[in-house]
Amino acid sequence: MAEESILTDDFLHELMSVGEVDLLVGVPTHNDAATIGPIVQAIRAGLVQFFPRQRAVILNADGGSHDQTQELVRAASITDLQHTPNPHALRTLHSISARYGGGPTSGRGLYAILAAADLLHSSACAVISADSSNIEPEWIAHLLRPVSQDGFDLVTPVYHRHKFDGLLLRNLVYPMTRALYGKQIREPYPSEFAFSGRLATHLFGQDGWTAEAEQDGARLYMTISAITGGFKLAQALLGSKTRAPSSPPADVVDALREGVGPLFFSLDRQPAWRTNTPSEPVPILGGQPEVTLDPLRINRKRLYDLFRSGVSELAPLLSSIVSPFTLEQLQQLASRGEEDFCYCDELWVKTVYEFAASYHRAVLNRDHIIQALAPLYRGRAYTFLVENRDAQSEEVERNVEALCLTFEKVKPYLGELWDGRK
Amino acid sequence: MWDKFVIELSQATQEFLRGVAQFLPRLLVTLIIVVIGGLAAWVIEVIVRSILRLIKFDRFSDDSGASQFLRRTALPSSTELLSRFVFWVSWIGFILVGVNALNIVGLEPHISKLFGYLPRLVAAVCLMFFGLLAASFFSRAALLAAVNAGSPSPKLISSAVRVLITVLSISMAFEELGLAEQTVLIAFGLIFGALLFGLALAFGLGGQELAKRFLEARFARPPQREHEDELSPL
Amino acid sequence: MPLSQDPQWYKDALIYQVHVRSFQDSSGDGIGDFRGLAQKLDYVQDLGVDTLWLMPFFPSPLRDDGYDISDYRSVHPNYGTLDDFKGFLEAAHARGIRVIIEMVLNHTSDQHAWFQQSRSSRENPRRDWYVWSDKDTKYQGTRIIFLDTELSNWAWDPVSKQYYWHRFFSHQPDLNYDNPAVREEMWEIMRFWLRMGVDGFRLDAVPYLIEREGTNCENLPETHAVIKDYRARLDREFPGKMFLAEANQWPEDLGPYFSGGDEFHMAFNFPLMPRMFMGLKLEDRKPISEILQRTPAIPEICQWCLFLRNHDELTLEMVTDMERDYMYDEYARDRSMRLNLGIRRRLAPLLDNDRRRIELMNGMLLSLPGTPITYYGDEIGMGDNVNLGDRNGVRTPMQWDGGWNGGFSSADPEKLYSPLMLNPVYGYQAVNVASQKRFEHSLLSWMKRILKVRKSSPVFGRGSIEFLYPANHRVLAYIRKWGKETILVVNNLSSSAQAVELDLQGYKGNILIEMFGRNIFPRIGNLPYLLTMGPYQFYWFRLRKV
């Protein structure tokens, strides 16, 4: 069974010495020595400051690091072993690090953390990404308190973002997830989040989880399971989202693979998306996220050029994926100049849904379908950038909201495509 | 003398008739085998067609680009084609068995050779098919990668990949069939070598910067690359 | 039974703290007395303790339960006469039981003749026997100890129209130890009692003897000098007698009270006690092991005094604010239980009358390094009455049996100095010596057994301590060693069963012998030693190499 291979003997041994806990904070890592130190210190400070009386553990599920990642995590323990008393902490705080079985994937790391949370009967758990370099101790409180004290089952983060940050999230992932599953969760793929012991137990009970754990879609699967399972959801405002300076700039194709692939895949496994009810808001705790407007260096022309070359070069491919009408519209769009270029909401939504349906039927290799979406996404990104070039934060929010409503409005079209009626 | 002629004639006729009498049953057996073989081959064809439809074989071949090729040459679909191929191969097999039953001297070794050849024929067809599949897959992958990277001539790269893999699979198929082995091998080697040499020159001379950056990224600390922009999609 | 002649007898002692007033009334006036106490010496001896610590019994207006003394050379008439005391002392010594009495050095009652004289006029010869000032701004920054009742360390005397200094209640003016006459007189008083045969003094409130401007008026070098002087005289004239310091200080500040072995023989380890309770609630050894790590090494002839509860509130002065809040929330949810930065409850109610926890706490008390003190009544699990005001809730009459007044006194119940405990859980009919003596498995019987086991080895009183740090933080484990003898103590602080692996490589080859049942446990081998423990269970193992 996957669970037996995920928890190695050493892992189990470490869990035994911790015993039952109230709170568990998991950090999946793989060669993250550059960033892990401050992250674990911030988690530790957060637990000591905001949950001094609760039994807690910091758990690092490591995929097999060769740098000093695991040692750095262990150094954050507060125990009497160090022989220097720590009067600011009421209790022992274990900070354990163990390797999980199998190769390093984010899905397996998450699964190992879930397994540990289940074994230790933790009532509230948080997962923190190893590259959240700007984490504050308060994040721990914002994530865990709603679960441990207010009875929420899943708390996803919300960040202050630049208006042009997270374009794929704003233009596809968020609106589509919202339209399909009926909950307005801004970060369906959270890198930091918290969940209850109830949700963890529920996930273990599902057969599909072990398969998901092998893939990178585990976090989305968790979010969708929480929505479809009727669990209590909330979003917590954490702060600004930044990436670690050492991480490479995001590649669009990788982002699509990571963000869109699992979303399309989920349509096959989660029939709950077929219902056509309007989406519901999910409470945001701790304030409203702000859209920052600092100037950002953007190469818009490149996006436009890549869209045009993509549509023309990939036309034979696209003809297998989208409908002839859509393809024709895309080709017309590609023929327009920069000034007239507008990849409008409705066309974009139809494009995405047609891609999703083709993904479902696997008209081509699925990874190729995702890659073929990249130039079209760039075109959409270009339109978004142009439309919001001078927009203030409220206007940006309105535009995103309008796109979300279009996704919801056009959703029956996806149903028809799915059933082969179109 | 007339009597002798008549006797010889009747003897010859009787011998001939005896020969025919000996041959006819064998011919009958051969015909029976052929007819039964035909029926059996038809059954096999139906089974194979059903199996292929069940596993949606047409989609594989759509993927491989074989379907497009067949359509262009006004040939039936892959499922149909393969089923018929299986039919003919099976029937030919039965025909050969039937012919063998005629016991015609000197024919046996050739029939054995033909039997021996059949598996190689099947292997060659498989090689071609999977070769086409791979060519289509990798050429598409190359096209997508090139388009997304903003390369100037993605179609060229894609075609080059397709041609290379197709040529490779054809060569392997010919080698399997044992047709003009040496010629094909040499020709393949020449084409492949030349292509690669050309690519190496093009990359090395024209893509110096790219090569340098690639090596730096791979083996040294990555320097500040010129990003297209500061956007992060997720 | 003769008293042991070992000058370091206090290191092996098992002390029983008792208030004469609360123990046994022989006269029928509703107040315990020395004759009654003498009658109960057999019980004390049978329990297994060998030292009695008596709370103040000198004449006093009793506004602070006898710590406000009005005459240092007599016995309060409530408790009998000086002859009664002498009779009791003799009887105790005859049973091999030593007697330590209280000596309140720092202050007297305002009814004491000295203060009456001192305040009568500014020219009185005893004027500077106390600390007087025109203003109440001197010695700013000195903390107030009785926060719930006092607003200042200065009190205005309307008679002599000056302020006088008091670190405790305002009716307890501080003596002025800068005055040599005061120091001499106090020594004479101590000598008086030592000559009578008393075995030692618990010197009350010693950190506060001397005041100096610009300091916190606690633990000053001059204070230590006073004590050192007394100690030198004690060693000269009365070798084998003992000084026990009551100094509620952080571990680092306690070291000077031992000095180089020329000051106090013993001092209470105040910081440890609340942390034992904290560690039990947290189910985490961290508070206990950390405070012991901070505890300084002391001279070989000196000794810590350990206790779980006493006549005062469970003091939370020597903990952080966070720890204090935790203790209040866990042990004193009802605010009436809180007093003066402490909790005024007895041992059994603090531990929810849970037998296992009571045993575990006593197990730790008797196995950690130091001389243990048992507060009267805790050996049978007596309860408390917070409604009696101040700290009187933990000073109710001893419960001897289920009969008239719990066997404490023949007086009318209304005449008793304090009401008895009456509720069905802790009342005298439910909790008393007589009923517990009948059963082998009562708390009293268990206490006797554990005291006997403790006495069976000098390691506990005299040995070193080496902590083991198993990965399971719910288990507190340590090795006590003295000479050739080694004892392993393992305590499960958790309410659930625990498995623990101990690194005993340094003791490889030893067999473990459990000290209560004397059963053999497996030999220590190459692997970590695995023990499984029930909720709140503890083990004492003697290590033996055969």
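Note that the chains are named A, B and C in the order they appear, and that numbering of residues resets to 1 at the start of each chain.
The working rule: a contact is a pair of C-beta atoms (placed from the backbone, for glycine too) under 8 Å apart; a residue touches a chain by one contact, two chains touch by 3 or more.
Keep in mind it's a predicted model, so treat the numbers as computed, not measured.
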item: Pair of chains with maximal C-beta contact number; value: A-B
item: Per-chain Cα centre nearest the global Cα centre, belonging to chain; value: A
item: Distance from chain B to chain A - Cα centre to Cα centre, in angstrom; value: 46
item: Approximate Å spacing (C-alpha centroids) for the pair chain B, chain C; value: 98
item: Cα-centroid distance, chain A relative to chain C, in whole angstrom; value: 59
item: Contact set on chain B toward chain A in their complex; value: 59, 62-63, 137, 140-141, 143-145, 147-148, 150, 154-155, 222, 225, 227-234
item: Partner chain C, residues of chain A touching it in the complex; value: 14, 16-17, 19-20, 52-53, 55, 78-81, 83, 85-92, 94
item: Chain B-touching residues of chain A, taken from the complex the two chains share; value: 164-169, 173, 189, 243, 248-250, 252-253, 255-256, 258-259, 296-299, 302, 305-306, 309-310, 313-314, 317, 362-365, 368, 371-372, 374-375, 377, 381
item: Residue ranges of chain C in contact with chain A within the complex; value: 278, 282-287, 289-291, 293-294, 320, 322-323, 326, 467, 469-474, 494, 496, 498-499
